[in-house]
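In the two complexes below, chain A is the common chain; its partner is chain B in one and chain C in the other.
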Partner chain A sequence: MNENDKVPVEIPGRIINKIKKKIENSEFKTIEEYVIFVLRNSLIDDSAKSTLNPDEEEQVKETLKKLGYL
Partner chain B sequence: MMEKPNVIILTVDMVRNDMLPRFQTFQKLKEKGVLFSEMVTYAPYTIASLHAIFTGMYGRDTNVDAYFKPVKFDKENCYTLTQYLHNYGYYTQADVMAELTVPRQGFDVFNAHDENKDDLLERHKDIISKAFKLNKKFFLYLHYSNIHTEIVKNVIKKYKDFDKDYFGHKEDNLKRYEIFVQKACDYLEGMMDLMNENDFWKDTLVIILSDHGCSIGEKEGEKAYGIYTYDYSIKVFSFFIYPEVLPLNKEIKTQIRSIDIMPTVLDLLKIPADNAYKRQRGKSLLELIDGRNNSDRLAFCETGGLDGPHPSPYSPNVKCIRTKKWKFIFNSTTNKKELYDLENDPKEENNCLDDYPEITAEFWKQIQEEL
Partner chain C sequence: MPNNKVIVVALDGVALDLVLRWTKEGYLPNIKNLLQTVSYGTINSTNPPISIQAWSTFMTGRGAGETCIFDYVQRDFPEGSFRCPSSNDLKIETIWSKLNKLDKKTGVLFFPLTYPVEKLNGFMISGLLTPSYNCEKVAFPEGILKKYNVDTDLLSRSIDIPAVKNDYRDFLDISMKQLKEKSRIALEMLNSESWDLFMVHFFETDAISHTMWRFMENEGSTKKRNKNDNFNEAILNAYKQCDSFVGEVVNIAKNNQASIIILSDHGEVPVRNTLNINNLLRREGLLNYYKLNSKTMLSRLAEKIASKYKNNNALRLILSFGCNSVNLVYCKLSSQVVKNFIDSFFLKGIKFLPRSLQSLFSPFQHTMIDWKKTQAYSIGCGGGIWINLKGKYPDGIVEGKDYDKIRESIISHFERLKDKEGKPILKKVHRKEGLYKGKYIDCAPDLVIDFEGVHFIYNFFDNSIVSKPVNYVSGNHSHEGVFILKDPRMNNCKKIEKALDLKEVSNIIYYLMGVADVK
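What follows is the complex of A and B.
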């Protein structure tokens, strides 16, 4: 699929109603914007932290300690 | 054909762009060469900023787009400036503030100083003097880290992120910061004296740059740097000094990016990019120096605080696009979008997103390519 393509997704009305309430007076102008936001952050969740193995995490922490941050 | 020059890159960590007119040292440096006074860094913290400078690429290319990512540097596909110079027979040496702040590939000697103990002026003068005694061309990367040392001690460790004692005293914060910048200028003066006394400018390209700026309390929530992308932390500068080739006393106010530094060095040294590796996103600045082009360059910048919020510090959560007139910022943690008219609102105080829907839509389209 082309990265710029868009596809419809079916979401139960019960959840749509909750989203509508959630985005009232928020940064989100549309339901679609909120759904994309949640999905994007969820996908970052999976990809970000899990890519570092314990040795790599320790190496970074050593550097950050030396820089005075930790 | 002229022989290739020695190359020295000297980073003065954390000097804000608006310090340029406040210190005579910067005027003296400008008299020696070319000042790019409107440079935008890729990232407002050292680790990602320097990886971008050493590759001419953004974090999405190098994988180094967050505090916890230098271990993920794509060394198989990103060829660093050091590697190019090493390949051309240069002796290469770095003196950095810590491991992982700079890609290590290509360095013959790679040392980290102790920012709390070492006298950086004496240490770096010694490195330069010894390099000039070598019977071969050299590349030195030297990092002046003492503003960082003082900001960590006197700001980061001392105040909380929304501390009224800090954000309510901007003038005091500025005075304290300027004392640290003055020390950096003393260091630069000492380095210039060494270069002048020994005629070291000859056959040598010297680049002096700031890798990112620093808050003095402008925006609550960011007492120093690395959390947001406002101008106090992303607007920096660079000096290119090479008296035999480049003009003297020239200031270029065209907007450039920190990723343009490496392609410029390669262009000056007539070293072609190796197509077997990822393409540099930066572009040589020589066309701006010789006046062939004076177009501002679109800058992309991203960051994520060391203490979060999620997904930082493993991935960036704040991204921005900057032209000379506009800045568009998107925070993926809060979904907040901001648009600033930098010409009329240089302090970025009035989010005018709703006043310019077409401009916002265009920037939103561009920044989504980065998400």
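What follows is the complex of A and C.
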């Protein structure tokens, strides 16, 4: 399947009703937009996001010192 | 409403007056062509106009009081720890995150504060504040660095600019190679990847402007100073490289019916004075350091050795052993008189060392602050001053009722500073409530010294308060950046008279992409 292809998915009516309520006054214009957003976020692995560890912190500080910033 | 793709070319520290001058003189032919059918004007930067705060504001459309990104070093409270921010510290949703929600694909290359990268609908390579390009967290999706044959060693390289005396050839060579490598990667990705918004940031224009400004005679003239080097043309050469990149981007934009935005986060002006903020606070008794002794300096040296030679166990062990042995002998000395003599000898000797060697012994300033005797201090590079408030920070000593009194006293000390001709050195000292709004205003510096014409230094071994510009920073940030907008439907040139706020640029992008009502 190509990356830009789209396929229909069956979603129970009670969930659709809940989504309709949820997206009232939100930035989502359609149910489809909301469903894509939720699915994409659930597929993202957040483990890669972390604060700088001590080694990284020291490397960043050294770079900033070399630039004359610190 | 248009429904365009958009390409953003972010040129750090590029000054509008230099762009217009060199365009007129024929050095920037692609920008000259572009300027015939664009809207252009000045960007009103953040305050202070430092890249990390400014680009965070651009990336979110919000001020620092909401993004919580004020400087390159932030202090957490109530813990009191100092650290450099990462992408996780940005408190507001970015342009690309909002657009991804609307199923728009975004490519984000080399922007500051994007490390560690996030997994987005599109692609990303991190920029300034990336520890090293030789790790996974710098790029998404996995394998993209390999796919575009990115020279990670080149992008990871940095020159110790303050340590360079006069020969800037290595610095220029590496900076220009990095600029060209980033341009190559961006162009290949523009042509090969799928995107609705493509943004690329070039930091090198700012670094070169800081360092090489003094070689430009008459602020922009390209008359040769020395035929053996091209230092006087260094900034022009960086602009020319950007012009060449813009030429390629124009062609790609035509094929994609895309709009182009070229912008800088601030401009650049000559430095008139260098100011050591902490030395003035020290003079007024508002800041006190622990006594710097041989033990502290040798410990710092041992840390540096451990970090520098972490991959060479033998050398690291030998040097660390030597350093720690000397330190042990020093600590075992029973006579304080002898210790004082060694400290004095050490300190005086270090002052005569070149800066590159000095920095081996110099601890980060905040590690030397005696908090129980300190009411105010400065850290970072944006001219911020923090009050050591009781109840906010560990060992805070300033009572809430004295907060305003101390701030007014500091403002008065700094605004009284005059140069040799009796002219005030500083334009203004701002109170934070006059600059910022938002829920993170408590994290902001309590005072901000205006940047214009001044460079702030934090050299531990220097006792001066105001001094002449240091060699490595002869140009520094101004509040005015560049804004150029090319929309495919434009057929004439319009100068935007009123400066555009950096916060507004994201809304222009949303408008061009047909999603102006994005929240």
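Of note:
Everything that follows uses one rule, which is that the second predicted complex is superposed on the first by the 44 of 70 C-alpha atoms of A that agree within 3 Å, B and C clash if a C-alpha of one lies under 4 Å from a C-alpha of the other, contacts with A are read in each partner's own complex, and residues count from 1 in each chain.
The rule is simple: a residue touches a chain if its C-beta (ideal position, glycine included) is under 8 Å from a C-beta of that chain, and two chains touch if they have at least 3 such contacts.
Every value quoted in this text rests on a predicted model; they were computed, and no experiment measured them.
Within the superposed three-chain model, A:33 lies in touch with chain B and with chain C [touch as defined at top].
Shared-chain residue A:64: touches chain B and chain C both. In the superposition on chain A, A:51 contacts both chain B and chain C. Shared contact residues of chain A with chain B and chain C: 26-28, 33, 37, 40, 44-45, 48-49, 51-52, 56-57, 59-60, 62-64, 66-69. Across the complex, chain A meets chain C through its residues 3, 26-28, 33, 36-37, 40, 44-45, 48-52, 55-70.
Contact residues on chain A toward chain B in their complex (touch as defined above): 26-28, 33-34, 37, 40-41, 44-45, 47-49, 51-52, 56-57, 59-60, 62-64, 66-69. Residues of chain C that touch chain A in their complex: 72-73, 83-84, 86-89, 98, 100-103, 116-119, 121, 129-132, 136-137, 158-163, 194, 207, 210, 307, 359, 364, 380-381, 458, 470, 472-473, 517-519.
Interface residues of chain B, counted against chain A in their complex, comprise 46-47, 66-68, 70-72, 97-101, 112, 148-149, 152-153, 156-157, 306, 310-311, 314-315, 332-337, 371.
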